[in-house]
Amino acid sequence: MRAFGLVYFFEPWWVQIVKALVIFGVIFAVLPILIIYERKLLGRFQGRYGPNRVGPYGLLQPMAEIVKFALKEPFRPATAVESLFRIAPMIAIVTAVSALALVPFGNVQKIFGQPVGLYGIDVSIGPLYVFALGGISFYGIMLGGWASGSKYSFLGAMRGAAQLISYEVSQGLALVGVLITAGTLSLTGIVRAQAGMWYFIPQIVGFLIFMTASFAETNRAPFDLVEADAELVGGYFTEYGGTAFVAYLFAEYTNMIVVSGIAVTLFLGGWLLPFGIHPPGWVDPFVVLAKMLIVITLFIWVRATLPRLRYDQLMSFGWKILLPLATLNLLVTAIVVAA
Amino acid sequence: MSAVLFFIAAIVAIAGAFGVVMLRNPFYNVLSLVCHLVALAALFLLLRAEFVAAAQVVVYAGAVMVLYVFVVAYVGGADESVTHFTGGADRPGALRVLGPLFGVAVAVELCIALLGTALKGISGKGAPYVLGFGTPKQIGTEFLTTYLFPFEVASLLLLVAAIGAVVLARRRRGLEPDESLDARLRPARPAYTGTMAEVAGLVAHGDGEAGR
Amino acid sequence: MPDATGLELTAHEIRERDSDSILATEFSHGRAVLVAAAGSVIDVLGALRERGYTFLASLHGVDYYPQQPRLGVLYELLDMSEVDRITVKIRVDTDDPRVPTATGLFPGAEFPEREVYDMFGVVFEGHPDLRRILMPEDFEGFPQRRDFPVGGEPVLFTHNERDGYGRWQ
Amino acid sequence: MAIGWYLVVSAIIFCIGAVGVLVRPNPLVILLCLELMLNAANLALVAFSRMWGGSDGQVFALIVMVIAACEVTVGLGLIVAIYRRRLAIDVDELNELRG
Amino acid sequence: MSSLDTSSYRRREESITYSAESAGMGETHELLTLNIGPHHPATHGVLRLLATLEGEVVRDIKPIIGYVHTGIEKTAEQKAYWKVVPVIERMDYLAYYFNSMAYCGAVETLLELEVPERAQYLRVIHLELNRIMSHLVWLGTSALDLGAISMFWYCFRERESILDMFEMSSGQRMHTRYFQVGGVMEDIPPGFAAKLRRFCAEMPTRADQYADLLEKNQIVLERLRGTCALDQETLLKIGVTGPLLRAAGNPWDLRKAHPYSCYDRFDFKIPVGTVGDNYDRYRVRHAEIYESVKIIQQALDGLPDGPHITPNRKVSLPPRHELATSMEALIHHFKLVTEGFRVPAGEAYYPIEGPRGELGCFVRADGSSKPARVHMRDPSFVNLQALAPMVRGSYIADLIATLAMLDPVLGGIDR
């Protein structure tokens, strides 16, 4: 199958399957680490230890919780629509993981004499693919909220849908600045174009807009109105428990990983290192992971610091501030590039 | 490989289309159209129209269908309103019988046209693949050179549609309070909610006026 | 607090308007109480409000068992500019405990009146939403009355639903 | 796969959409069926584009999408307006807009 | 009364859900009834609000309370006067010193009992510590409702040190039963004063840090400023007192207006707001923390010597060592512990300034050793009525914020 765009070399089918497995495996290994990292870090921010009972330094806490959730009784409200109620979390997690295939973790490497790209796929429509999956992941939230048959879930889903759509526009426009500068839609191409300067310096406005919109897209504080535990209990997953709840949780964290991966790729130079350092190729994935960790730490830091916006403030911020700013950024970038 | 993918995608697309027509609950109609659209995007990918495929999912599944979902959720996707909503039955009379007949007739005619065509390309696998076919670059160039006028007209159309939708769906009144709302905010109390007054025999059971 | 003389003067002035409105005055521990007739309590409260007692600090019921009439409703009024408190007390019988509502004068009396109604069974006529407030809506009896026994309140679960509900011995 | 197969799929989808428009009374479903027909046209356009190796078909597929989006916004706006006025949501009974 | 059969119970139970169906739809309005609580993270207990929404805008709310009604007022009638204190402390579980202070004050009024100086100062110290503690819980939970999760932990860190001091003076962290009729249970232990001074030195800087986190945050300001304001005339009509009333600009504070205990001897200010929006409510309570610290420092500096409880043996227990030597003390002890003291017949209403407003205790004595009626005028109960006029026409997120700023304690509301 050569359906996807600019193929400069050919990978045999088994390499693609191995890559898919590796990506899945790495993500499901990273997720619990991410969860314990967030909880530990939040604990430090709040003057406490965080979980420290299960395993050394409490590192096995996520495992214990996964077991706990898995053993819970599957439950659904009497008003729920059974089939959709079950499918919705799956949509959420599938779309989140599929988007991850796009994040390039390194350049093309020779492994056992076989050239292998250290990414899931490299398509000629790069970021559009992410947005397409983001568009589908909306159904994970909307169906979950609607099929629960609960007013809280429904309000959360409605908020989520409106928020995702509103901020997707600004996020997309912020990206276009980078795309114009790089002159390509291929994510590996964008990284290679950053060899001289990482794009977060010339595209600093775009970077800030992208990060702000990403907080909204991943439903993280201060834009976590979709969950808004104080108002809507849990938003669209109010009625979920057990493994379905874990699926939503994982989807949310995976989205965070994807967004930080995209931010690293587009703005922070991907696997490149500053000051002309050229490490051997096997270091590349670790460079990308380290940069992603920095972005994720930013996510957690903001969560520990900022309170939540109100719904109308969120909307007016998205449409009245972020969108004009992104448009202006795009305009200026276009003029500079064309000139 | 591509044949298998084609048949899977085609079957899902046709099944989704059937779902749109056959299912009774508007919410499921919309969802089956989403399935249909995603399958169609896969078909586009097989035809090497990557940008169109991505646009299909982003625009259709991600935005247009979201509007549908909103409206269905708003107008009523729950059970009780579904019956009221779809009327439970198809359109009456001649249309119900003639409609499918007409559909079959059109299908037969189109198939005859396809089979009897003199177009040679139809039975081929398409033009030789050129690097860069279907990329955003190529389509963008076309849009800004050959098809500039349609492009501008389409954007104008979008603007008009956006304004029209706002005008149509706008609320007639703002958020200022009015009396009819106040009246509706105080629904009659059901029986027994004022138990003690009722037990004391002061009011009849369920006399909503006593609670005003 | 008005001293004993001030209390008498106030009572006298209100009596001049309506001779039957004030039944008695009490003064003890620095606390001034006007005992008003149940029917004219709104007039008394209104007159006091005009005299500066604009704030209804508290409204509560008392069961004076075994005295008759048993039930009492107390309005603790406050004059915020003079920092002065006065209490209006009315007594009603358990047979037909009806009192006009004070919510017209003091909208904040809504919850306290519901509580008195809930606990003592005093019916406030004209109250906008007279329902039980603290006890369950299907509760029977008035628990703060002195002859209401403590303990023995059955709790309804599904397993004892058949055995009956709401009967305390 | 031969291009003809794509055209067959396109024709089938178009016919399903046409039947839906004729049979269903619900304006929302009618709108959905219109989408089906537009999509069938899109598929045909893209298939032809592949057939000749030019991207004109894809360009017009995109323009069709724009038109579909416009149609949906206005159509849904109408449905919401109908619902607000508590009229019957049934195209056969919607005769109150007659002049 | 109509008899009840079991079959009708289910019907009644359904009716209690009180018109949970959607309230109505029309061309201009679509109303939705949302049941918030009794189990909801933001209701600060088991409060149930029936909210009528139009989209996200709250059109009306109806509070439904009584879920933690425990009949404390009824229970108090069954107990001797001195045994009522621990029960009554459990009403408003964040202001237990205030509850017992109001009750003891009412009983002391009926007994015409003089409370020793030192006891009064100790009472003031604990009351103000309790006020800070209550405000810290309010600040933490309301910041949590706004989404600022870290504030909760910071506030509870300081609250812990206050509870440590409560434990030091009384042996308990909550519901201490420290105040007694006639004074306080025990004198403060050695080391308490030093610890309290350390706390008083640290607390203002902590409060400054809270202000830095919240008041310099644009999101918090946007969320609080100009939301759900209510003018003081309406508040007074409803009967609202305390920080809510002061936030609207009325400087009514019983500690100043009608000083009880020994509040007339301290120099402190009454923080007032201007417009009475949520921001003013926050600022007033936050400023009260500083003032309370000032009062504690003055009380600690001027703490007089003397007995910590009235020497009247008819009311207070004799010291333990006297029991071995004095027959009279033994008789008093026996009488007090078995029967309690008798209070002459009469009625008293004793109002004090609680953390949430006027906390009044009405006690009726009939001459026996048990009160004939105890009623608490709890400020939360009255203030809750102001919620509906505050939030009408605002967003559901503002409803949550306003509820947090109202600071209701359901233990006090339901009693």
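Each chain carries a letter (A, B, C, D and E) given by its place in the written order, and its residues are counted from 1.
In this text, a residue touches a chain if its C-beta (ideal position, glycine included) is under 8 Å from a C-beta of that chain, and two chains touch if they have at least 3 such contacts.
This is a predicted model, so every value here is computed, not measured.
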Ask   = To reach chain E from chain C by way of touching chains, what is the minimum number of steps?
value = 1
Inquiry  = If I average the CA coordinates per chain, which chain comes out farthest from chain A?
reply    = C
Query = Highest contact-pair count belongs to which two chains?
reply = B-D
Task = Average the CA atoms of each chain to get its centre, and name the chain whose centre is farthest from that of chain E.
result = D
Message = Distance between chain B and chain D based on Cα centroids, please, to the nearest Å.
response = 9
Note = Cα centre of chain B to Cα centre of chain E, whole Å, reads 55
Ask   = Roughly how far is chain A from chain B, going centre to centre by Cα mean, in whole Å?
value = 27
Task = Could you give the separation in Å between the centres of chain C and chain D, each centre being the mean of its C-alpha atoms?
result = 70
Note = chain A residues touching 2+ other chains are none
Inquiry  = If a residue has to touch 2 or more other chains to count, which residues of chain D qualify?
reply    = 84
Ask   = Listing for chain B: what residues touch at least two other chains?
value = 2, 46, 48, 51, 55, 63, 172, 192-193, 195, 199
Request  = Would you pull the chain D residues touching chain B in the complex into a rising list?
outcome  = 1-9, 11-20, 22-26, 28-29, 31-33, 35-36, 39, 42-43, 46-47, 49-53, 55-56, 58-63, 65-74, 76-81, 83-84, 89-92
Task = Quick one: which bits of chain E touch chain A in the complex? Just the residue numbers, please.
result = 32, 34-35, 40-42, 56, 143-150, 152-154, 157, 213, 217, 219-220, 222-223, 395-398, 400
Key: chain E-touching residues of chain C, taken from the complex the two chains share   = 28-31, 33, 54-58, 60-63, 74, 76, 80, 83, 85, 87, 106-112, 115, 119, 132-138, 140, 143-144, 146, 148, 150, 156, 161-162, 164-167
Request  = Would you tell me which residues of chain B are touching chain D in their complex?
outcome  = 2-3, 6, 10, 13-14, 17-18, 20-21, 26, 29-30, 33, 36-37, 40, 43-44, 46-49, 51-52, 55-56, 59-60, 63-64, 67-68, 71-72, 74-75, 84-87, 89-92, 95-96, 98-100, 102-104, 106-107, 110-111, 114, 121-128, 130, 133-134, 138-139, 142-143, 146-147, 150-151, 154-155, 157-158, 160-162, 164-169, 172
Message = Applying the document's contact rule, which stretches of chain B touch chain A when the two form their complex?
response = 1-2, 5, 27, 31, 34, 38, 41, 45-46, 48, 50-51, 54-55, 57-58, 61-63, 66, 69-70, 73, 77-78, 131-132, 135-136
